[in-house]
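Per-chain residue numbering starts at 1, and chain names A, B, C and D are given in the order in which the chains are listed.
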Amino acid sequence: MVRVGIVGISGFTAETLLKVFTRHKRAEVTYCASQSHKNQKLQEVYPAFKGALDITAGAFSIPRIKKTCDVVFLCVPHTQSMAFAPQLLKAGKKVIDLSGDYRFKNAAVYEKYYQVKHTDKGNLKNAIYGLTELNRQNIAKAFLVANPGCYPTAAILALYPLLKEGFVSEQSVVIDAKSGISGAGRKASLSLLYTRLNENISLYKPVLHQHVPEMEECLKIFAGQKKELIFVPHLVPLDRGIFMTLYVYLKKKTDSKHLEALYRKLYFHEPFIRLFIDGFPELKNVAYTNFCDIGMKYFKDKNLVVIGAAIDNLMKGASGQAVQNMNIMYGMNETEGLL
Amino acid sequence: MVRVGIVGISGFTAETLLKVFTRHKRAEVTYCASQSHKNQKLQEVYPAFKGALDITAGAFSIPRIKKTCDVVFLCVPHTQSMAFAPQLLKAGKKVIDLSGDYRFKNAAVYEKYYQVKHTDKGNLKNAIYGLTELNRQNIAKAFLVANPGCYPTAAILALYPLLKEGFVSEQSVVIDAKSGISGAGRKASLSLLYTRLNENISLYKPVLHQHVPEMEECLKIFAGQKKELIFVPHLVPLDRGIFMTLYVYLKKKTDSKHLEALYRKLYFHEPFIRLFIDGFPELKNVAYTNFCDIGMKYFKDKNLVVIGAAIDNLMKGASGQAVQNMNIMYGMNETEGLL
Amino acid sequence: MVRVGIVGISGFTAETLLKVFTRHKRAEVTYCASQSHKNQKLQEVYPAFKGALDITAGAFSIPRIKKTCDVVFLCVPHTQSMAFAPQLLKAGKKVIDLSGDYRFKNAAVYEKYYQVKHTDKGNLKNAIYGLTELNRQNIAKAFLVANPGCYPTAAILALYPLLKEGFVSEQSVVIDAKSGISGAGRKASLSLLYTRLNENISLYKPVLHQHVPEMEECLKIFAGQKKELIFVPHLVPLDRGIFMTLYVYLKKKTDSKHLEALYRKLYFHEPFIRLFIDGFPELKNVAYTNFCDIGMKYFKDKNLVVIGAAIDNLMKGASGQAVQNMNIMYGMNETEGLL
Amino acid sequence: MVRVGIVGISGFTAETLLKVFTRHKRAEVTYCASQSHKNQKLQEVYPAFKGALDITAGAFSIPRIKKTCDVVFLCVPHTQSMAFAPQLLKAGKKVIDLSGDYRFKNAAVYEKYYQVKHTDKGNLKNAIYGLTELNRQNIAKAFLVANPGCYPTAAILALYPLLKEGFVSEQSVVIDAKSGISGAGRKASLSLLYTRLNENISLYKPVLHQHVPEMEECLKIFAGQKKELIFVPHLVPLDRGIFMTLYVYLKKKTDSKHLEALYRKLYFHEPFIRLFIDGFPELKNVAYTNFCDIGMKYFKDKNLVVIGAAIDNLMKGASGQAVQNMNIMYGMNETEGLL
């Protein structure tokens, strides 16, 4: 039994992790640290866990973590993880960080997009980017996993085969993302009220979103291609999931069969990628699952591929993938707790 | 042209008032006071009014009101109106208060349910309860109108004919209300987040809600009957409206025809009451309107009438009715701006 | 491994069953019969099962069922199960029927409410009512289980303790239910369109709903009390779940502690009942689970208990409870596949 | 008083027209033809009009139209208008067609995208494309107005200034549209059920949607530029409105001030276009209005403009614009009934 600690419990990623671990047969949550819910039972914070979880949140304590945990998930906001991770690593614990703090090799990029000094540059080079499908071998040996952002997970998985095989033209790729509201986090803010978001659509942080350099850097490393991405995220009125539409011009003409072969070759054995060639996924089919559904259609006269990709932002886009990574780090079945 | 002032503009009732007045032909908003949006243009606070309203919110100022307004709508939270109303009345302005501050003749009831001392008891006796259909003549001459609560508006209009004509048995009446989220107001609170309320139903303040004594007092005054009401409100995931189900046992057997005659007699000329005898209204048909739709079915073997009543909580349940009252106070067509 | 057959796959109950069985460790779906999807792969009918289920629907065939199934779930519409059940029983298979066809001992009641002749009266007396918590011992030995309706499941579990212990007064109990849209089934009907139901609330079949005699009969049998119920169901705009508010007058004054003791005594060991005494459940906490959450508040001066009960209509209200029953019939852990 | 006839009343466009005309001071609906609701009162078809409309639908009858109407709105499905329009024109009536039947000058394009023979080619050349802002003078004299599609209305208004002034680069423009469900019409179809669409996002008819040639042809005519558009529409779970995101690469570098001047110059006097330069609209602000809200941001290093455009699909995207056109055809104030 792997003993799991969670730091930060008031957000959706922690809530989702807790839920996944109630189904996990080879790991269990043994420790939770929380500032805002200190000394509160998790069942009171999340009545949905009534009868399923009997843990009380404590203050963050390295001595306690030393005694009770093998691995710690950091579910604190961006810019706060880098205060916790070095202490945990020094205490000999493995760390899976769900924030953006360790996703860039280059601290300058981080500092530009997250608008703070990086205070743990030393660990950036040790951090392993946790996009499971592209980085399994490194994840297996990792001590510090930087779990990917939700948008990068979908975008990279959708684009990777085309880019890696050199199909994509010079032109930049447009990525238009639609996210459910849980993607905006849980904060007492007028902009997140039901009455504001219901029956509404809005866009935010167009082009300059902090996930853009994450996508571009990762595609460069894994697909070996520098590629300009134009990314615009939108909020749509539903709870869970991201639906992403990608507009990709190709270098030379091809056909659907070819594209299908390309994606099948790279993703055939993937337990969490489902392909819909010559068709498109629907968001609802991935809600509350760890799947990434990818579909596409090729328009020959325009030499354009339109790709639709769908994930649950809190599962494959955050906590589900975090557990997938943990499973790999401990040599377990990758799908444990996730199907 | 009646010159209208609004005090408090950050809530839904003020927003709805502003919208109604853009359509009103014989009144216009000439002044707005706001603490939180002082010196802000209303178009910035509410982009939906872009191009339609060109007003800048100011601090509350009696001298300015004296110069610019004939009537002032108070859209501040409960317990705050009683600080503004006496000043406005003293300045010779008519006041329509959308809070609960002047709805009770008996200050002790107010103080019990709203948990504060009443600081303007002197004006309680002058305040006219603004349930238009039952109190037109007094409203016409009023200087201070206490606009009814949203739940009382629907409940009283639904029950009044049966009670007035002495049909209702001794047994208490159960009123189960379902409210859209705007009924809970606009506050930066975790309990009002989209992710909390979407795909959810909850109940709040069962039986002891402050609208219960308002309903009971009003029915006693207008229908001449003391009647115990069991009232439980629920939040359901939609923007606008209240759907209310009332369970009323009768004194003696009757039939649908009779009930229909009863309601038609009392409401036939009402421009904002629509009857669905032997059937029920649907909430969507009253959304964004000032109608109160009332339907019912009589079950003879149980001697029970089930009534369904639907209103838009911000129109007939608040700002729409407030304008309806203003129209009457100024001798205008009652439906002006409201159809 | 228990081999499971499902007859009828186009409805939500079959879809939910299929989902539950992908998580079940001691049973697997080996056979599906469908008229409308004959020879179609289930993955095509339900893309959400892609990669998880590899079954092709066939025509209903007793010889195939004989070879491939131990137990058969009937997911066909009301009035159709009674054509399948006798054949299956004769073939020696256990049957769990999710329709209303075998829920009444008295065929006349069925015929009145479902408006058809009952064509398999012989099996009515053998059918075991599948409200797990109240009928475990009989379910364990059953060959034919009549799985309860969704509303009766919540209503009976909420009322049973009070009724059984003789607390409830003579007065009828009002039950106001709010159901998500999946409760209305999947039919190509204008009344079920998104645009009709979104931002809407409506009520249907007040007082005379076919679930009323089911509730009353069951309470008489299990709690030993004849009790008149006034039941009105409403449709509210969300996918899953029933929230039910019950208004129960008591015979004599009591207190919250007492009520708590009463419910705890009867439900303490129940894995799927969660109690919220002096508080209320929220629907979202039971969505996609097999829990029935029950909360209540006692109002001493009115001698009234208001109960809130929440279930997922497709899990505890249909397919989840059906699997719970199957687990018991085969001596498995009752919670297998359901937590 | 202009006397208005409506042919086809079961769809959302007719329902919206009826609503607009209840507020219109210089026109009134005097005649409605409907096959599916023949001899039914409109109040029964649409209970929301109870008390506001007293019309009974009849069969389509030229003699009756001759006597009772000045102008006829065709609200029948695509491919059916061309059967009605020639008869109405011959009878001397003005026609505003809300279908796609008269939107193309070239019948071959129509026949390719709508998959039927065009049976009234003679009137194609007389039809005036009803995108009000770009075609007012011709609309004023028109006998047959082809009211634009919902997507073209938003797309053309968003792109027109940039294209007309020659700012747009060679590269094709990507248009990613998100539509509320009413855009899909009212049909008893499984694909339009609440349970299918709620909490879901899907895309449909990517790139080859019939509105693409309409957009391209119109931009060529009005902006004088041939421009390739890549258009993908999505369904998102809300009732009303289209939010459209356009990705436009420019020919040469510019700045926000310049873009603002460009749009203000062309749209300054437009009563229904509202600009949000260096910002973006939100869908909710245009719901139930005739506004087209357009916002944008310029990214200098990429020489890219991201435009967000929002309309209510049934108002500015259909019936609102149809009335706007009628107002112009009869020399009335263009905003009559629409503010």
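Heads up, the rule we're going with is that a residue touches a chain if its C-beta (ideal position, glycine included) is under 8 Å from a C-beta of that chain, and two chains touch if they have at least 3 such contacts.
As the structure is a computational prediction, the values presented were derived from the model and not from experiment.
Among the remaining chains, those touching chain A and also chain B are C, D. The minimal number of chain-to-chain contact steps leading from chain A to chain D is 1. Distance from the centre of chain D peaks at C, each centre being the average of the chain's Cα atoms. The centroid of the Cα atoms in chain B and the matching centroid in chain D are 37 Å apart.
Per-chain CA centroids place chain C at a distance of 46 Å from chain D.
Once the centre of each chain is set as its mean CA position, chain B and chain C turn out to be 40 Å apart.
Counting partner chains per residue, chain A shows two or more touched chains at residues 196, 198-199, 237-239, 282, 284.
Across the complex, chain A is touched by residues 22-23, 47-48, 50-52, 199, 271, 274, 276, 281-282, 284-286, 288-289, 291, 293, 339 of chain C.
If you check the complex, the residues on chain C that touch chain B are 171-172, 174, 176, 178, 180, 196, 198-203, 206-208, 228, 230, 232, 234, 236-241, 243, 245, 247, 280, 282-284, 287, 297, 299, 302, 304, 306, 308, 310.
Interface residues of chain B, counted against chain A in their complex, comprise 12, 181-182, 186, 188-190, 192-199, 237-239.
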